[in-house]
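I have a structure I would like to understand better, so I am pasting it below and will then ask my questions one at a time.
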Amino acid sequence: MDFRWTEEQELLIQSLEELLQREAPESLMAELDARHEFPFKSWQALADNGILALGIPEEYGGVPADITTLTLVCETLGKYALPLGIIYSLGIITIRDIIQFGSDEIKAEVLGGFVRGDLPVALGITEPQAGSDAAAMKATAQIDGDDVILNGQKMYCTLSKIAKYILFMTRDSQGANPYASISMWLLPTDTPGLRFNILNKVGWWTVPTYEVFIENARIPRKNLVGQFNSGWPQLMANFEIERLALCAASLGAADAALEDSLSYSNRRVQFGNTIGSYQAVQHILTDMAIKIENMRNYIYKVAWMMDQGQSVRHEHAMCKLYVARAACEVTDSAMQIMGGLGYMMDHRVQRLWRDIRLMRIGGGTDEIMYNIAGPQLLKHARKG
Amino acid sequence: MKIVVCAKLAPDASDIEIRSDGSISLERAEWRIGSFDLPAIEAAMRLKDAHGGSVTALSVGPQRINNSKLRKDLLSRGPDDLVLVAEDALTGADTAVTARVLAAAVRKIGAVDLVLTGEGSADLYFQQVGLQLGELLEVPVFNAVSNIEAKGSQVRIERSLEEETEVLELPLPALLAVTTDIHTPRLPNMKEILLAGKKPVYEWRLADLEMERGLEPRVEAVSLRAPRPVERKRILIEGSPEDAAQTLVGYLAKEGVV
Amino acid sequence: MTENKDVWVYSEKPALQAELIACARQLTSHTGGQAIAVVLGPRSLAEQTLRQGAQRVIWLGELASGRLVEDLVPTLAAGVQAKTPFGLIIGATIRGRAVAGRLAARLGVAALADVLEFQWDGPALLARHMVFGGGAVRIDRPLASPVIATVGQGIFEASALQAQPNGEIETLPWVEPPWQAAVIERRSRAVSSVNLSAAKRVVCPGRGVARQEDLSMIEELAQALSAEMACTRPLAEGLGWLPRERYIGISGAMVKPDLYIGVGVSGQAQHTIGMSESRVVVAINKDRHAPLVSQSDYAVEGDLYQVVPALIRALKARKA
């Protein structure tokens, strides 16, 4: 087993770390968070330095990168500028869907734009009555000559208003099997008939989330991504990598929380000694470090399996379940170690704590991860 | 324009360890491209982008600099190729020896229009090698260069001196040691990193440069130690800002500095 | 080269030249030779240089218009080769560094850069200087002659001007340089009028200052103290909030004021090398474990956004 990074990975991450220090310093991230502003300039800097090109086909301006490398990028973004890690991870699923299923025209427009600094395509899947339960989806697509008319309402549609496109999922009410009745459309956000309502969240203040109302939005039929009524398996094809990316960003954030905790423990003096000299604090720090090491090992292993072309059907779900919870525990421990300071809005630990909490919900809840992993484990045991 | 840009690969000064006896260890320090050399590489790349030609990176030092990652790191920043003279005979080489080896390498590269160096090395920062190199090459040589415009067989440069900016025109070939703020160095992207592994690296021996002579040191480093800290009073003033300010002004008045 | 025992000095800055003369006299008190100053300028400058304590002046005449100080390199090299002094100390300005490096190359030696102190080990000269961004002190022994070294401002103390110097002025034949640069323009840099190394009081903001506009508060403190405004390197080079001339540190200014106040300065070695010889050091920092706090005489632990306004008020109250 070789745990070393390649020289190319080392150089890329070294370059990215410097880029983030220049273009997305902690002071800027704190300021944007307080103002609830999207980090447009930092995002553009990622594009200008070729980070967004990673893993995109070369004919659209991309550069080859394996999943392990993308994972390292997400981890680094998560560590130095978590909002960028979140945005990048959210984009991975829609961008990969476009790569895999988009027409040449769609690919040229969306992938080319992404490489040049467009925001990722937003994902319009969840509805007021339908989240992980696709069968309950109500949004519709009505074919009208060369056009299609979209109707419906999407919840928690992150980035949608500020992105150029939404990957909009509709349900064919005639289909008996709901999973074979869903279609995927590239919906430009400037299409007449769209209305956005911003939602207030506990965290992710720089990454806005909207409720979107779609009324008779007319788009060309050629904006269909992939096959008609194949939207569900198409979407599922890239959920695994999105979850892995979110895990990597969470790992980076947890690592940042540990760094803050260690440096604080070495500095803060109580009862005449640094708090780090007390065993109670050392135990917390050690547990945090173990969790981070476990997160890292699990994430890298799943990335490696994916690069080998192996199935990660239940592994990715178990990984996400573990990492999301461990990251929440680590950021919570960081807040505990920093005491009053950790609860103050001017320290980054509270931001990590708020932002990381969503990782147990977004990209599939903890409970859904159990639902994916459990049956798979039993199935494998039956085979054995 | 054919440009050679010199870069020093050296231990990162921020990684130095001070042992309890005050001696210094660099064993764990990571070796990097000198931070003052990166703006020189950027300046070379911008000249190439504007006027065409080629950029060759040149580095001399101990065997250790001939390391695959360092080579890729250098080449990922844009140069077309790399010349390395990496021999342990050059461990701790003084500025005179370094300049001589560089001069021999530049002559061997041949037909060079412009040699660029950084302001100084990131580890020693003597700011000497570039100037010595230019003089050995017998070409116009200037330091503190903060802007370069190529005009045919001439360059117009700006020098940021202590109190003035001096604009000069000089014939090529020339050697220019650039300031750290001439340009913000670009950061290598994955495409350039992948490409770097495919660019030519020429490993030359001192014998190839006919440098068996002239390598005797002119300076010997007698000792290297952590600086002795200056004794300070170390009085910590706490309390409300108003009280602390009053207390501090009181102390400063007693010291006779306000 | 059969050497004599004289030490030559050269700086295009008369104030620094005076300090170098003091340095040369210290060295020649050991070698037994004379402290000889090279002067490029009007004869009055040569005479003034004698009053500064030079035992002899080598006067090269005035610099022709359109020529550069650096053009003296071939003349100086020829002079050193003819007269074989023990050493040549050059002021560590930008032009001085250029002269020293080029001269060293011509004479086949390595120049000792930014020497902070000369010591003697029997007959052997040792030079102390900082390396690794201020993280280490290196002592070098020159093995070749002549000794060429650069010395910055404020390292040696110039002696008082002599009313009736008794040194002689001699000349050297001018050697035309093999190439020339055409001077197109010289423009003074408005911002560079600051002479930090001569400042008696220095206020230095660091990365603890969050926004550029907050510098006005620090400037107000500097005014209340009649201090010069300096800064750490990131503020000048990374952020570009202040001109490059104002940053203190390894590649910037070296200061030795009576009072240095670091505001939100963490105290990395690269910075402290430039201010460690200040007489009184004050740190204002919210982190009492910042390295500068342990290297200060007085440290105020607190939020600079509260401490600095309070300090301005206290200073103003004291004046009134």
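To keep things simple, chains are lettered A, B and C as they appear, and every chain counts its residues starting from 1.
The criterion applied here is as follows: a contact is a pair of C-beta atoms (placed from the backbone, for glycine too) under 8 Å apart; a residue touches a chain by one contact, two chains touch by 3 or more.
All values reported here derive from a predicted model rather than from experimental measurement.
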Mutual neighbours - chains that touch chain A and chain B alike: C
Chain of greatest Cα-centre distance to chain B: A
Chain pair showing more contacts of the two, B-C and A-C: B-C
Rounded Å distance between chain A and chain B, as computed from the means of their C-alpha atoms: 41
CA centroid of chain B to CA centroid of chain C, Å: 21
Distance from the mean Cα position of chain C to that of chain A, given in whole angstrom: 53
Overlap residues in chain A, where contacts from two or more other chains coincide: none
Multi-partner residues of chain C (each touching 2 or more other chains): 288
For chain B, residues that touch 2 or more chains besides their own: none
Chain C-touching residues of chain A, taken from the complex the two chains share: 22, 27, 266-267
Touching residues on chain B, where the partner in the complex is chain A: 68-69, 72-73, 76, 187-194, 196-197
Footprint of chain B on chain A - complex, ascending: 7-8, 10-12, 14-16, 18-19, 49-51, 53-54, 63-65, 69
Contacting residues of chain C [partner chain B, same complex]: 68, 70, 73, 93-95, 97-98, 100-102, 104-106, 108-114, 121, 126, 130-144, 178-189, 192-193, 201, 225, 237, 244-245, 250-251, 258-259, 270, 273, 276-277, 279-282, 288, 293-303, 306-307, 309-311, 313-315, 318
Interface residues, chain B side, partner chain C - complex: 13-14, 16, 18, 24, 36, 94-97, 99, 119-120, 122-136, 138-144, 156, 159-171, 180-181, 216-230, 232-238, 241-242, 244-246, 248-249, 251-253, 255-258
